[in-house]
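These are the structures in question, set out in turn.
After this come two complexes, each holding subunit A, first together with subunit B and then together with subunit C.
And then the complex of A and B:
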C-alpha cells in the first residue's frame, strides 16, 4: 500500500470520528425527544420504544399554557429576522462608508468596531441593563422586556463582526463600479442598494447565517433583557420552563430543543451554498 | 453633439499635489481627441474632471455651451468607458447596458431597440444574457462600449480602455474604435499612455506632462514638428536621438565636429529667434539616420540590435554618445559590426537648450 493511500485512509478515519462527535449531540436529542420522561432516565442512549411519542411530546409542548411555545417561536422569529436584516444592512452601510471615506476618523471608527469583537459580552451585560433602564427613565422609551430592546442590543453585539467582514469584502470592489453607476444616473442610496448590496450577497448570507444561529439559540442576553417567565420570551427562555429547580422534564426539553433547531437546520441547508461562497470569497483570485 | 471647452483648469489635492496645471483645451464637436502622456501626467485627472468624477479646483469646463463645473456626472450627457470596464458583476450584459436607461425611466421598447442596435454594431448580440464573468477581456470591452453607446451621449470618455487587452486584440479593437467613431459621429476623448494608440486613433493629440499641456496638434504635426524636447522624446519609438550642437552663422549646425546644413524652415526659425550662433539641442529620429558608406558617414560600432520583423533598431556609439537608427531588417546588421551612419540634415530638429522648446514655435 502506498504512502498516499495510508494518509488518505487516516484522513478519512479522522473525518469519520469528527463527524460522529459532531452528530452525537443531535442523535441524543433526536432519540430522546421521542421518549417519555422515565424512558430517558432508564436508558438515555437507547432508541425510543415507539417513535410516535415524539408527536405526543410536540403536542404537549405546543399546548402547554405556561410555556407559550407558539408565542415564543413567534417572538424568536421576529427578533431573529429583524436583527439579521438590520445588522446586515446597517453594518454593510457603515463598512461601505468607512472603506470609501479614507480619513483618520474612518480608521478610528473602524478600530472602535473591531474593539467590539474582543470585549467579552459578560463584561458589558450588566451595564447594558442599567443603560436600558436609564434610557427608559430619560426618554420614556421602554427597552427592557421589549422586542425592539432585544433587536437594538443584537445590532450592537452583531455589528462589529459584520462591519469587519463587510469592510474586507468592500475593499475588493473596484471604485469604478460606483463611478460608472454615478454616470448612469444613480444617487448614493441607489448605488448602495442597486450595486453594492447585490455584490455583497455572499458575505450578506454568511453574516446572516452566523448571526441567525447565535440569535436563535441565545439564552443569556434574552434572559437579561426580556427576563424569564415574562410576556415576551424567546424559545431558549421557553425551554427553560421545563427545567424547574426540582424536576427536569428531559423528554419535553429534548423535543423542544429539536423543534427549535429545526428552522435553523433548514435555513443552513438552503443557504449553505452561499455561506461556503462567502467564506472562501477573496481566498482565490 | 457637443464641443468641450476647458479653460485654465486646475486640480489641486488637499495634500498640496497639483495634478493639473492651467490646462486650456478646445475639443471640437465630433473630434477624436487623445490625451497622452506618461503615468502621473494628469491626463486621467483631466478626463475625470470632464466626467464630473473629480471636483475642479479652478477654471471653467463647458460641454456644448453649458458650464458644467457644478453639474453632476449624470446630467452632463456623457458616457465613460473605464480601464477595468466597470461592468456590474451581478447583472447580465443586457441589464448592464439597460441600467442607465432604466434609471432614466426610458420605455422598455426603446431600451430594447437601443440595446439591440448597439449589440449589432459591436457584435455582442449572442452575449446579452451572459454575466460579465462569463466573458473574455475583448467581449467585456465591447459590452462596456455598448453600455456607453446606448446612452447616446454627446461626449464619449475613455480611460485607457485597451490597456487590459493582449497586443493582438488591442490592434483589432483600435481599428474598431476608429470605425465606431466614424459611425457614431460623436466627440470622443480618449486617455492613453500608449503613443501608438494616440498616433493611430486621434484626429488631434494633446500631449501632457506633469499636469501641463505640452502640445495639441494632429498626429502628423506632433510627430514631425514636436513643440519641445518632451514631446519629441515621448512620441516615436524608438525615441528621437538628442545631442548638443551649435548653430553656425544661422545656416548650419555643428554636432561632434560634423556640420549639417539647415533646411529653409529652420534657417528662418533660427533667424527669428536670434539663435544664429547659439548652443542648441539637436534631435533626429532613428529613421532619419541611414546607413552610408565609408566616404559618407562617421565610423561607429553596433552595440545592440533589435529585430522588429521588417525593421531593425540599431544601437551604436559615436564618441561617448549613444544613438539609435532604424533600418530594414534585411540589412542583416549584427552586434560588433562597423557602420557608417549618415544623418538626414533635412529632418533635423533644433531645440532651445534653456527652454527646451523647438525653435519652430
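And then the complex of A and C:
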C-alpha cells in the first residue's frame, strides 16, 4: 500500500509543477500589467511596486484611440455571437436534409462540404478579398470592412466541420421519430425546429465552443476582411494595431493583452463545466 | 407528385444558407485562385490579368527563399507534432489518474488554448526578451541571463514551437482524455491480476485502445502546425535573418507567412497565389497520407 501512496504523491507533484509552468505566462502578464514603463524594464519578474498602477494602465488602454477597447469588444462579441449561432443553425439544417434525402445530389453536396476541411485558408484568401470587392461592384452590397461581410465569411468557413459533425450525429437519430410526427401532421420545417434541433443540443454546444474560441481569437481572416486600424475592428486587430508599432511599450502591451484575454477567460470560468464536458464528449466523434 | 416537389423545395431551402456561403467564400475563390496562379494577376481593380501559364510556378521552384521556407516549415511541423502530442499525452495521463482536483488541473491545462495566437505571440515575445534573462539574473545563471533567444535562427524556431505547444497541448489533451476515459477499467484490472506491469499495460491495452485518437490528434496538430501564422506574426514577424546558400532569408518566415508576404509586402499577388496552391497540394498529400497510414495501423492493432 505504501508504494501506491508514493506513486500518487509523485503524480500529484508532477501535475502541480506542470500546472504552475502552464499558468506562468498568465502570471507574467498579470504582474507586468501593473507596472509603470520604467519599472517593467528594470525588473520584469518582481511584483509591482503598487497595484493601483494596473488601473492607471487599464484607463490608458481603455481610452487609447487605436485599441478602441469598448468598440472592439462590442464588434468581437457581435461577430462571434452571430457567427456561431448562424454556423450551427444553417449547418444543422443542411446536414439534416442531406442525411434524410438519399440521392446522388446529397452525396455530392456532402462531399463538396467535406472538401472544405482540407482546403487551407491560405489558398483562398487572396481571391476571396477580390471576390468580395467584385460583389460590391456588381450588387452594391459592401462585404469588406463590414460586420455582415465578416459573419457571412465565418458561416462559409465554419460550415464544413459543422456539417460533418451534424451529419454524423443525425445519422444516429432514428427516422421513426420523424415519421410519427409526420403522421401527426407536422410540416418538415416544424419537424426540424421542434424535434431535431432539441436532440442536436449536445453537438450544438460542442461546435459552438470550438467556433467561439476560433472566431474570438481569429486574426488573419479579419485582418483581410476588416483590415487593421479600420472603423470596424475585433480584439485581435486592436491588439495588432496597438502592439505592432515600432516602439514597444511593454507595460501597456501587457495590460492590453490582459484586457483582451479577460472576456473569454471569464466566459470559460462561467461555462467551465459544460465546456470541458462538451469538449470531451465531442472530440471522440 | 406535388408532395415530392414540396420536399424538393424544403431540401434546397434548408441547404441554401450554408451551401451558398460556403461556395462563395471557399469553392469559388479556390477555382479563381487556380486560374490567377497562372496569370500576372495584381488584384488591382479594373486590370484584366494576362495568361502566363506556369511561369509563377517556375519562379517559385527557383526561389531560394521559398525552398528555405519550405524546409523550415517541415522542421517546425515535425517537431511541433511530436512536442504537442507528448505534452498533451502526459497531461492526459496525469488528469485521468486518481489525483485530487483533477478537474481543476484539466481546466488549467486547457486555458492557454483560449488565448489567440496573436495575443500569445506578444506574451511570449516579452517572456523570451525580458523575463528569461531576468530569471537568469535572479538565479545567477549566466547562460540564461545572456540568452538572446530571438536573435538566433534555430533557437527562435524552438521558441515558436514552445509557444505553440503551450497553446495547443491543452486542446489535444482533451481528445486524449476522452479516449483514455473510454478504456475499460476492467481490462486494466484483469491484466493487473495476471501480473502485467505498468509498461505492459500501457503498450498492450492503453495504446491500442486510443489508436483512433492518435489519428485525430496527429492530423490536427499536423495541419495546424503547417498553417501556423498568427503566433509568428506577433512573436518574430519572420525574423531573425539567416543565410541560406548565400541568400539572406527570414528564418521563421514559414510558408503561411511567406505566401502572405510575397503577395502583400512585395505585391506579387499571382506568385503568392501559385505558392498557396503548392502549399495546398503538399498539405493535402501529407495529411491524407498520414490519416491513411494511421488508419491502417489502427486496424493492425
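The rule is short, and it goes like this: the second predicted complex is superposed on the first by the 229 of 285 C-alpha atoms of A that agree within 3 Å, B and C clash if a C-alpha of one lies under 4 Å from a C-alpha of the other, contacts with A are read in each partner's own complex, and residues count from 1 in each chain.
As a convention for this text, a residue touches a chain if its C-beta (ideal position, glycine included) is under 8 Å from a C-beta of that chain, and two chains touch if they have at least 3 such contacts.
Since the structure is predicted, the reported quantities are computational estimates derived from the model, not experimental observations.
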*First (subunit B), second (subunit C), both or neither touched by A:190*: first
* To do: Go through the superposed model and pick first if A:199 touches only subunit B, second if only subunit C, both, or neither.
  => first
Max touched-residue count on subunit A (subunit B vs subunit C) belongs to chain C
### Task
With the two complexes superposed on chain A, say which partner A:182 touches: subunit B (first), subunit C (second), both, or neither.
first
Pick one for A:174: touches subunit B only (first), subunit C only (second), both, or neither. first
> Is A:28 touching the first partner subunit B, the second partner subunit C, both, or neither of them?
Replying inline: second
* Asked: After lining up the shared chain so the two structures overlap, which partner does A:270 touch, if you call subunit B first and subunit C second: first, second, both or neither?
  -> neither
_Just to be sure I read the superposition right, which of the two partners does A:70 touch: subunit B = first, subunit C = second, or both, or neither?_
neither
Shared subunit A footprint, subunit B vs subunit C, residue numbers none
Per the touch rule above, subunit B residues touching subunit A in the complex are 51-53, 72-74, 78-80, 82-84, 86, 88-90, 99-100, 103-104, 147, 151
Per the touch rule, the subunit C residues reaching subunit A in their complex are 7, 10-11, 14-15, 17-19, 21-30, 32-33, 36, 43, 45, 90-91, 94-95, 97-100, 103, 105-120, 122-124, 126-127, 130-131, 134-135, 138, 166, 170-171, 174-175, 177-179, 181-182, 213, 216, 223, 226-227, 229-230, 233-234, 255-256, 259-260, 263, 269, 272-273, 276-277, 279-280, 283-284, 287-288
Listed in rising order, the residues of subunit A that touch subunit B in the complex are 174, 176-177, 179-186, 190, 194-195, 198-199, 201
In the complex, the residues of subunit A that touch subunit C are 8, 11-12, 14-15, 18-19, 22-23, 25-26, 28-29, 32, 40-41, 43-45, 86, 90-91, 93-94, 96-98, 101, 109, 112-113, 116, 118-131, 133, 137, 152-153, 155-157, 159-160, 162-163, 188-189, 192, 213, 216-220, 236, 239-240, 243, 250, 253-254, 257, 260-261, 264-265, 268, 272, 276, 279-281, 283-284
